[in-house]
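So that you can tell them apart, the chains are marked A, B, C and D in the order they are listed, and the count of residues begins at 1 in each.
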Amino acid sequence: MYLNEPGLYYEIHGTGEPVIILNGIMMSTASWKEHIQRWEKKFQIITYDTRDQGKSSRITDKPYTIDVHVDDLKKLIDHLELKKVNLMGVSYGAQIAELFVLKFPNLVDKMVLSNATDHVDNYLKSIGQAWKVAATLYDGEKFFDISLPYIYSRTFYNSNYSWLMNRREIFKKTLTKDWFDGFIRLASSNETFDIRNELKYIKATTLFISGEEDIITPKNHIIEMHNKVKNSLLVNVEETGHALFFEKFDEFCMLVEGFFS
Amino acid sequence: MYLNEPGLYYEIHGTGEPVIILNGIMMSTASWKEHIQRWEKKFQIITYDTRDQGKSSRITDKPYTIDVHVDDLKKLIDHLELKKVNLMGVSYGAQIAELFVLKFPNLVDKMVLSNATDHVDNYLKSIGQAWKVAATLYDGEKFFDISLPYIYSRTFYNSNYSWLMNRREIFKKTLTKDWFDGFIRLASSNETFDIRNELKYIKATTLFISGEEDIITPKNHIIEMHNKVKNSLLVNVEETGHALFFEKFDEFCMLVEGFFS
Amino acid sequence: MYLNEPGLYYEIHGTGEPVIILNGIMMSTASWKEHIQRWEKKFQIITYDTRDQGKSSRITDKPYTIDVHVDDLKKLIDHLELKKVNLMGVSYGAQIAELFVLKFPNLVDKMVLSNATDHVDNYLKSIGQAWKVAATLYDGEKFFDISLPYIYSRTFYNSNYSWLMNRREIFKKTLTKDWFDGFIRLASSNETFDIRNELKYIKATTLFISGEEDIITPKNHIIEMHNKVKNSLLVNVEETGHALFFEKFDEFCMLVEGFFS
Amino acid sequence: MYLNEPGLYYEIHGTGEPVIILNGIMMSTASWKEHIQRWEKKFQIITYDTRDQGKSSRITDKPYTIDVHVDDLKKLIDHLELKKVNLMGVSYGAQIAELFVLKFPNLVDKMVLSNATDHVDNYLKSIGQAWKVAATLYDGEKFFDISLPYIYSRTFYNSNYSWLMNRREIFKKTLTKDWFDGFIRLASSNETFDIRNELKYIKATTLFISGEEDIITPKNHIIEMHNKVKNSLLVNVEETGHALFFEKFDEFCMLVEGFFS
């Protein structure tokens, strides 16, 4: 379904407590197909593509910052006439969730922040730069080769290499110029993201999920975040990188189910 | 309630899927009071004291090994006329759960093994020896002083010192010669526990929970166990030691709820 | 040799740059026999027993704090007519070294702090309490059983169990009431040790050595210390606990040799 | 100086025990300028560029494997009329050292293997692929952006960002098509490198150096290697990635000095 203004594609699955899913930067509503099969029996799952993602509209008129998604999310919640929601954000989506709860604290009940950060440091900015250089090649295979080892863990590479090589083929076939351009804009939007000083104002009960081998948003930093957010829990998943939601599907689903139930 | 033969004290809370709780060595049914308040709304919680624990009978006629509890548990399940159960074992209780599922695989549906091991190595045997030396002093305060830093994490000690000192008082007042003697027998019963070669036969869906600062059953060893049990998940909790079930009450409850729901 | 006042036993081995060795709390000059065989070819090694240790005099008139050893060390340096020394302190000895360099910064050239801390937190105080309870039993075997698993790593226990059991025999035969009483006084002397705010004033080039499995003075805390001492290096040794100087003899000797040469 | 056949550029600094330095894949003799200033006072330092590196000749006639450097190194040692040498290899250079000591065990006295591996797993192969994709762009800045976050640690990026950006400029100015082509051939030469089964035959006294944040050759794997090489030591350096020799210059120099002295 579409929310015409501002052109957001969204889906609603199941009934019950509403949980809005916020995608990571390379993801879309399609990334959650298998999770939804489990979760829709327990909650009302609302997935959507941020602008410049998936089936939502593009933002080509001027550069923007990640904050733009906060107001879009607010419009979606208003459109759905939800009084209070739960948020589940992964990586870039966790950053949106953090900004949203700080701006609209009364709209958020509980929140999962998986593979999250509270600021883009020079290292993360540099990985973003690698990704943007990769995207400007407009070649799915090269993009895969350059970007993916930052995202999936060594453990996953060594156990799922043929799946990954198949995935590389899919990247080649499906990533279009339009996709790469949207990705580049998204990857540029959070370079100055920094809510370190605001983190302490988050009051929503929050579950942090970290991945032991996550290079992008490492565990030690997430422990610091957890210690700043009063009503927060933290659980770490072993033998996984930044793509924890996928690499450790069972653990991830169980955590989200346990936290929201 | 009591199962007269072999003199097991047990409690039943709530309705639904039966989950049998297996205590750690220093614990009893009373240790689960707060957990039960959460869990009884979701499952049928069955707690019980193993023999030589809490309100169950003592085994004073001859030395025994931890296997003795496996048959006791079988009798309890038969007595309750349960066809299939879920098990949730902590430390020593996790060892009982492992032995039980290996002997009666068809009786176990799902299983949580928290702060578990598959064998007592020389280091663990030596910690057991420290505890036994401590127990033979028959002095709750000295027992507390000698034994507890192995169990609770540095993080917990530094955040909850007055609670611990209060706990020390309770040890002084409540630990009787009968308790110490039972403890010594229990701590002697698993010195040769070693199921490393059998672990691969466990078919029950299993959740391993490890604690980042656990000295007694360290994370790295639990990762190895997880990799040997096919249908298993593993989640690690940060900033906690061996008393994870208590130190990280919220995380622990959430994990158990997510796994069994 | 003895420095009559205040009754310090010391030894001098080799020639060259003077390196004064500061013992851990359960150690004495005798603990360094094998290290000296390597080091005396390269440096002038000065070992000594603090008061209440080994062959030095006892302090039985009144309670004292660890600072008492600072002035003793100053007297020893003056007696030996050394203008500038290098210090190598292990655990309790590292605490003495830290206090010394803060009081007499101009007397210290370079400094190794192995398995060090800058304050005794509640957890460390509690381990100290366990040790004192153990010592008051005046029984070498029980003291060994209670205290040693805090000191040697799991890896060491599992690889050197018969050596440890032999060591237990030696504890039984050699630890006297006099030794235990001295130990109890030493273990009481640093309960309020806290130089966290002064650490930044240390100017001496300093090598921190941490042990990956050290329970008493954990690596993460030593990294923090390293980041506060400007001219410092940090190296971590894997698969060892607090008794790093012994468990990892080769690595330890190499580090000290590399740093002082 | 040049060894005409096979066209190896080498340098000799200082006198004493000979230590041959084996470069990492992106390095050359020029990378060791500052280390040599320290080491030449203690040892005879021999640096050289492997073929396809720095000032040595190129191998353009046919594809080759990393073994080609083993025979080149043998020729260099023969040319210098050395009976026995010490080796110090970093990353790709450590792989050459491992192959050399297995082929010519009698020629090697002691050996430092820093940031080493004993096989190229799928993850490492994939990072190599990212680097090769980057190199084929023949653009120093893009190569820097894509490759460097794998090599330098987050800690280094966040403390030395302007140095890195300056370095990026130097990459832009100095990396030529010839350099990139040589790099691509080198990066292709070790894709099937695997000496896991031979590691146990290494008899030379060996020092392994690992970096806590090394993504390319992670610590846990180096611990496994250390446990397979009988006469080996292992030391870990904190807050550094794969470029340990540079990121932690002081610690690295000290370790090499301590080990070889």
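Keep this in mind: a contact is a pair of C-beta atoms (placed from the backbone, for glycine too) under 8 Å apart; a residue touches a chain by one contact, two chains touch by 3 or more.
Here the structure is a predicted model, which is why all the values come from computation and not from measurement.
Visitor: Fitting the CA atoms of chain A to chain D, what rotation angle results, rounded to the nearest 5 degrees?
Guide: It works out to 180 degrees.
Visitor: Quick one: which chain's Cα centre is the longest way from chain A's?
Guide: C
Visitor: Which integer distance in Å separates the CA centroid of chain A from that of chain B?
Guide: Roughly 37 Å separates the two chain centres.
Visitor: With chain centres defined as C-alpha means, what is the inter-centre distance between chain A and chain C in Å?
Guide: About 49 Å, centre to centre.
Visitor: Give the residues of chain C touching no fewer than two other chains, as numbers and ranges.
Guide: As it turns out, chain C has no residue touching two or more other chains.
Visitor: What does chain A use to touch chain D in their complex?
Guide: Touching chain D: residues 121-123, 126-127, 129-130, 133-134, 137, 142, 145-146, 148-150, 154, 157-158, 161, 164, 215, 218 of chain A.
Visitor: Across the complex, what residues on chain D touch chain C?
Guide: 42, 207, 210, 212, 219, 223, 226, 233-239, 250-251, 254-259, 261
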